Amino acid sequence: MSSLLDIRDYRLDFDTFDGAYKVLDGIDLSLAEGETLGVVGETGCGKSVLAKSIMGLLPSPPARVLSGSIMFEAHDLLNATAADWRAIRGQRIAMIFQDPMTFLNPVLTIGQQVCDVIAAQQGSKPKAARLDRAAIRAHATRILELVRLPDAAELLNRYPHQLSGGMRQRVLIAMALSGSPRLLIADEPTTALDVTIQAQVLALIDDLVQRLKLAVIMISHDLGAVAAVCRRIAVMYAGTVVEDAPTAELLAHPRHPYTRGLLAALPDIDGDQATLVGIAGSIPNLLTPPQGCRFHPRCPLADGRCSNEKPLLRRLSEIHRVACHHA
Amino acid sequence: MASDITSAAPTGWRARHAGTIRQWRLYAHLFRRSFSSMLGLFLVVLFLVLAAAGPALAPYPEDTMGAVHLDNRLKPPSLAHPFGTDEMGNDILSRVIVGTRTSLWIGLIITGVAALIGVPLGIFAGYMGGRIREVIMRITDVFLSVPGLALALAIVASLGPGITNCVIALSLVWWPGYVRLIDSKTLALKEELYIEAARAIGARTPRILFHHILPNCVSPLIVKASMDMGMAILSAASLGFIGLGAKPPSPEWGAMISVARSYMPDWWWYALFPGLAIYLTVLGFNLFGDGLRDILDPKSRGR
Amino acid sequence: MKKFVMLGLAAALLSTAALPAAAFERVGDRKVIVFGGRQQVPVIDPHVRYDWSIRMMQQSLYDAMAKYNGNPAKIEPWLAQKWESSPDAKTWTFHLVRNAKFHNGDPVDAEAVRYSFERGLKLNKGVAWMLKDVLDPSGIEVVDAHTVRFNLKSSYAPFISWIPWWYIVNPKQVKANEVDGDYGQKWLTENAAGSGPFKTKRWEQNVLYELVAVDNYWKGWPQGEKNRPAGIIYKIIREPAAQKAALQRGEADIVEGLTPDDYDQIKSTKGIVVQSHAGMTTFGIKFNTQTGPTKDINLRKAIAYAVDYDSFVKVYNGAAILETSPFPQGMQGHVDVPERPKQDLAKAKEYLAKSAYPNGGIELDYYHVAGLEEARRIGLVLLDNLSKLNIKVNVTPEQWPNMVAKGSKPDTAPNMTSVYVTPISTDPDAVAYQYHRNAWGQYFAMSHYNNADVNALIDKARTLGKWEERAPLYAEIQKKIVADQPEVFGMIQNRRWAHRDYLKGFAFSPVRFTGEVDLYPLWIDAK
Amino acid sequence: MPEALLRLENLTKHYTVKRGSFATATVKAVDGVSLHVMPGEALGIVGESGSGKSTVAKVLLRLTDPTAGRILFDGQDITALDGDALRSLRRDMQIVFQNPHSALNGRHTIFDAIAEPLVVQDGLRGQPLIDCVSRLMDLVSLPRSFIYRYPHELSGGQKQRVCIARAVALKPRLLVLDEPTSALDVSVQAQILSFLKELQQELKLTYLFISHNLAVVRYLCDRVAVMYLGAVLEQGRVADVFDQPQHPYTQALVAAIPKLGTAAGHNLLSGDIPTASRMPSGCRFHTRCPEAAMPLCATQSPDLVPIYGDHECACFARTLRNAVPSA
Amino acid sequence: MVLFVGKRLLLFGFMLLGLLTIMFLITNVAPGDPAKLMAGQNATQDMVETIRREYGLDKSLPEQYAVYIGGVLRGDLGRSIVSTKPVVEELLRYFPATFELVLVAMGLGILIGVPFGMLSAVYRDSWIDHATRIFSVSGVALPAFWFGLLLQLYFAVHLEWLPVSGRLELITPPPEPVSRLYLIDSLLRGEFDTFREAFQHIILPALVLSFPCLASILRVNRAEMLEVLQSDYIVAARANGIPAFRIITVYALKNAMLPTLAIIGLRFGWMLGSTVLVETVFDWPGIGLYAVQSALYSDFKPVLGVTLLIGFCFIFINFLIDLAYGWLDPRLRTQ
């Protein structure tokens, strides 16, 4: 299994007035062609920053890369030029976002926006292969149909506000897929949606992944949503990956205390729970992150070693990696 | 962090206001970073120092109170008179310096009166909504639809020239801007959850207005007021230019230019320096206000 | 950085020495004279309104039976070739020239004269005040086509002095354009029905007014038919700086209303001539003699002795003379009154001690017309001078209409008001009457002066026909007024114009208004 | 049967909104809702966005006036209460809002925030006030050192604790919780939920708990009402409703929740939620109803009909099906 | 829609009436007596009375107000006592000059303000931003009267590149009136020399008039662009590979232009008011100059008329912009 994306020891700070926020602290992740990876973590764990890093969307300053590499199809994205990005964004890697309303331009029609994306991709093609206006529009209609939007041709003339949340998310997915990317990054794609719509969108993503053989990185705080789509899950905490395993394995045998805590904190719809256990304390201030294991102040298993030595992400088995001294 | 759970409430002033102090340090930091804001601050401070110490700094203080040196008329800039002398033989530098105080006074009163009228009306209109708001805002619109200068011109033309009338006229045309600002801010704040929360607690309207809404209006208010200081000074100078401003001999920049324009271009220094003083003062207040807005109210529109 | 740019800019302004080659406007091979003035000409109806700019136009578009010319001003025959009056100055007969023609070709006849005077009296505007007390429309008599007789209600020696200000309109044209019995007022506002040397051409209100010279003007052209201009453009230029620029660039051939300093400075410029002539416009600081502290004659005297008269002249850069009596020097019957105060601080203090305010400590208002520079500066001089008497002066600029309104009543008239007065004729009655009780309410009577002796003397002097009888009365009047000190007698400023040296034919006459120029004899002597 | 602490009778709230520069539309946010809450009970209201559940809260707290219907609190009709009477009612009914970030005035310290109800209602000041606030902070497990901090210095969970302290400061009898945990991370959500459960027992509180998260409702509530487009479609005991959902909508909701370890949630519904300004005729759910709707569904609106016990459901098909066997 | 426009018109009428009343009251506080002034310095009391009667100034204030309002409803704004002509006639005569000036100034303001605002936002906090900011704030801070004088003296008097004042050279007759805007009329008539002349004359006053307005357009555009550029849909557009230039010019500008449009509306009225100063400096024969000249003679009917006209234009333009807003912003468009 060749890896499509390979992130190695990626460290990133955010420079602010208060000092440098150590946002990402040595991320190691890789993704194979056609693989679906969920990245789960709570607010401020750096999962969105990671996604934006892969897309080259982080403004710098304040972001500052300290070390590491993000290899995609044998290119280091951290060294990509503007021209490289033009060829990558939308055509090799695409992204969908959390709030479908704010990510669509309110004053342009759906057609203008979808066609623009397609038109932008023509630049990097040989002249002969470029599409003309009519072909672009036809392509736009096709990809809207691909995401199961009814009346696609008619939809092109509508404005975002005339669409429902679920439809908007589909449009965003369609735009992302228009350039036939190899990797789709989905940043909390269902968080802003209602539960019944969420189920529809998740089903759509799942379906597209199967049909188009896409590699997907889905970022969410919702373990349930991620588990529904992804084969593998990486759990992040305070800028580090603490556990990485296939979904079934992770749910059945969580090894990191944080992962366990997360699972225990989930209320269950089936059957009565007498108590719900949260994780004590709150996430650390990344300006002065805890020494050693960043989770140790909240960890029930923590000991002296945890507060001094940073646990490395180590392989427990062929498929299961965890960063904990006690696992 | 963990030790916090058992700790007692902090007692020292510094500890109690740690958050505020940090906020202010952040403001200062952001402000310092911007060249144009610092230029604004510098000009404003210079202006205030000149206004405070004016007569003491002026090389010929008697020239600002109507001295007559007809033998020393219209002398070009020299060491003795760096800005030259005017048609009565008075030192222009001294008159420009002392004019600072007049301008400061004009700016303060106009913005102050305008804010005193505009803020309560705006907050009332915004919070009450409905008919009351409709009436207040329509009246405001009427005033806004007349260009301030034209209205002030009419007012001064009927009340007669002089700084006091000038200030009255400009104050009368200045307040609608504040009503608009505070009204829109109040409307926005009214939708804030914490206002709803305060109402849910049973807080009375005055408490909500003064405890919750007004403090949140302060930053746009400061920004607007600092810009208006400059604009008020400019407007007063414009009236002075038309000949409706300060009475002689008290030095006022607009009136000086009004006289000096007859002496262009051969006695260029006469019009140049008061004009520069107006320009730099207004520039200073505007850059300063712009800078304040960038740090206090980054989202608000650049009106 | 900006500051340096501005300084550079200003320095560049300094070097505006080089004059461009003068280029004048032409129509065909005739030249057009461009007059740059500050005041607009809203109305040219000769019987509705007058001020200097309006009068300049009226004088060019219309003719009167007589015309003032020369310095000192003399009344010359114009439409009337001669006239005579009865010994009691009650009946006046005028004999008109025979060749005068209106612009449309109609002859100027006695009926036109009668109609014009009737129109002036009936409209009761503008010039009406001059004659309405002595002349009734029914008193105008057409003797024959070229003779007209005026039967006055009472003896009135100054009658002839007003005749040049009554212009003759073409009754046929006026009647043709009458609307709702308005005597053609609406139409005559921007149209002329006259017989003068010029006709109206372009009338862009607030911008410019263009006149064209009349071919075969009945009286001919003093500069010769060959030299006469094609026309005149009166261009409104409001800023003195712009006026000066226009003159220097040759865009204007003659301008009025520059600052004294400008005249001084431009005098030495090559190609530019400054006309400076003693006029009759007096400047005085009128005290309110009826109410307030200035009711006290000793205070008035104290102030009059404290004033630095020389600075009055200095304000005009020397282009002014001090008044030696209430009458301007050019006026018939003027005598020097030696008792007129000169600056003398000791005397001032002496008078102050006698007044109700022996130690000063009062504050007096000094009003001047907003925008009138010299008046403002004199205010500053006054402020400086009176500080020695421990009197504070409040220099207040006021809009002219407001000032006139304030000054019309003794209760509201300011303590001191600066007033320029231009007599409208050379007859001393024109000045003397300013000090008559009946003049109260007029702007020049803001002192609300009232001396029964003076009133009686003025009334008597205007009814006498012989000048030898009138002269001593006027000398007496001048003395009495000076003794009462209703005002600080100021100076008589020179009237000044600046024009290109190729502009010829400029003829000054003191009886005209401040900026007024007789456009008729002007011409441009250049290729 | 003991008297209900709160009873809503046919509560209705319509309001007009601007549509574009020219037109307005009437939004039926709450359309004839009848509910009751017994003392000491926790009633949950679930529904997707736009179902009107938050509007119910605002109306019953008299933060906005109802268009029609009655609100009875402890037997007293409070629908038209105003002035001081309304203010003193606030003592007995309190609310915790969804978003603790915006529910706190950024310019007030934690002390100011918690003290406000005490100042407003009891006129407390000086040392007694400080003592009282300190006790409340202890109650919600906030360190006392936070007393002079500003909201932005606190984490989301801590802010929500401040909001709760504020709400319980006056010892209300009814506490309305409007999505109190939806803005929080799961680990913090678990802390808050278990804390709320303890608090209820400790202070003998009655809860009206509003949420879109069924699992959370199941954990905290005794009874639940399911809302859709301004009306209650089903209500009853939590276990009854969630384990044997009767209404097709409730069934879809329950099915749509992604469940850990199994495949994606089932998507039973097609289409989107209509907006409340363009309400479907007849049964408001019939446009999305997966069961073959009867002609009646498109013309008439069904009433809540008891299934058994206090489990009620508003569906013609269900009523019919239940009725047939019993007949 | 009809109802909406009807409501707006009613409001419009109310505002104009309010404006009228305020101005009428203000102008009548004046102690000045224009009738006396116009009757001339030597006029007798009965002559003054003649003029007062002619202009209805002998009536009581409420009567005058009623007469005036009645006249306004019939489209009669009274008569100027200085020029003796109806104010409406004079407004028609002077307004085209002002309108032309304001149009050109507004054009300059938009043409310079919008691109520079964009530039400033794109290169935020760079030297371009700071230079643009100081430049734009200067626009607001420079006293128009002073700046106008300096420009006039430098470009007209010193360099002699441009004329000092006026709309055309003295001798040049204005083009045959169609729109009464010289720039347009001269082109319509094919008089290109006249066009060039008119253009040279309008540059300086338009520049001075546009400078403050340019500044506020620039600032608003910058602020809006900044906000838009940080918005989610710009992030999405970048992620979808749309080129930066297209993002700025199409995606961002279109959104940022909406608030900019509002400021253009506000500034239009402001500009009309500022003509009071600029027209005085440049002897531009428009309504601003007319108002100042009349005010100096206490001739208030023209002042009232001008204020009313400016107020009318202001309200009308903002009404149009409201309509345009509803049309341009699809979110506000009726479905």
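Couple of notes before you dig in:
Chains: A, B, C, D and E, in written order; residue numbering restarts at 1 for each.
In this section, contacts are C-beta pairs under 8 Å (C-beta built on N, C-alpha and C of every residue); 3 or more make two chains touch, one makes a residue touch a chain.
Note that the structure is predicted; figures quoted are calculated from it, not measured.
In this assembly, C is the chain whose CA centroid lies farthest from the centroid of subunit A. Taking C-E and B-C together, the chain pair joined by more C-beta contacts is C-E. The chain with its Cα centroid farthest from the Cα centroid of subunit D is C.
Centre to centre, using the average C-alpha position, subunit B and subunit C are separated by 46 Å. Between subunit A and subunit E the centroid-to-centroid distance comes to 53 Å (mean Cα coordinates, whole Å). A straight line joining the Cα centres of subunit A and subunit D is 32 Å long.
One finds 88 Å separating the Cα centroids of subunit C and subunit D.
Residue positions 30-32, 134, 138, 149-150, 153, 157-158, 280, 296, 298, 331, 335 of subunit E each touch two or more of the other chains. Contact with two or more other chains is made by no residue of subunit D. Shown for subunit A are the residues that touch two or more other chains, namely 282.
Within the complex, the subunit E residues that touch subunit C are 30-34, 36-47, 50-51, 80, 82-85, 90, 93-94, 134, 138, 149-150, 152-154, 156-158, 160, 164-167, 170-171, 173-174, 280-281, 283, 285, 289-290, 293, 296-298.
Across the interface of their complex, subunit C is touched by residues 66-68, 70, 73-74, 87-88, 157, 160-162, 243-244, 247-249, 259, 261-269, 272, 276, 279-280 of subunit B.
Those residues of subunit A that touch subunit B in the shared complex are 17-18, 281-282, 284-285, 297. Touching subunit D in their complex are the following residues of subunit B: 4-10, 15-20, 23, 192-194, 196-204, 207, 211-212, 215-216. The touching residues of subunit A, when paired with subunit D in their complex, are 42-43, 164-167, 194-200, 202-203, 206, 221-225, 227-229, 248, 251-252, 261-270, 272-273, 275-280, 282-283.
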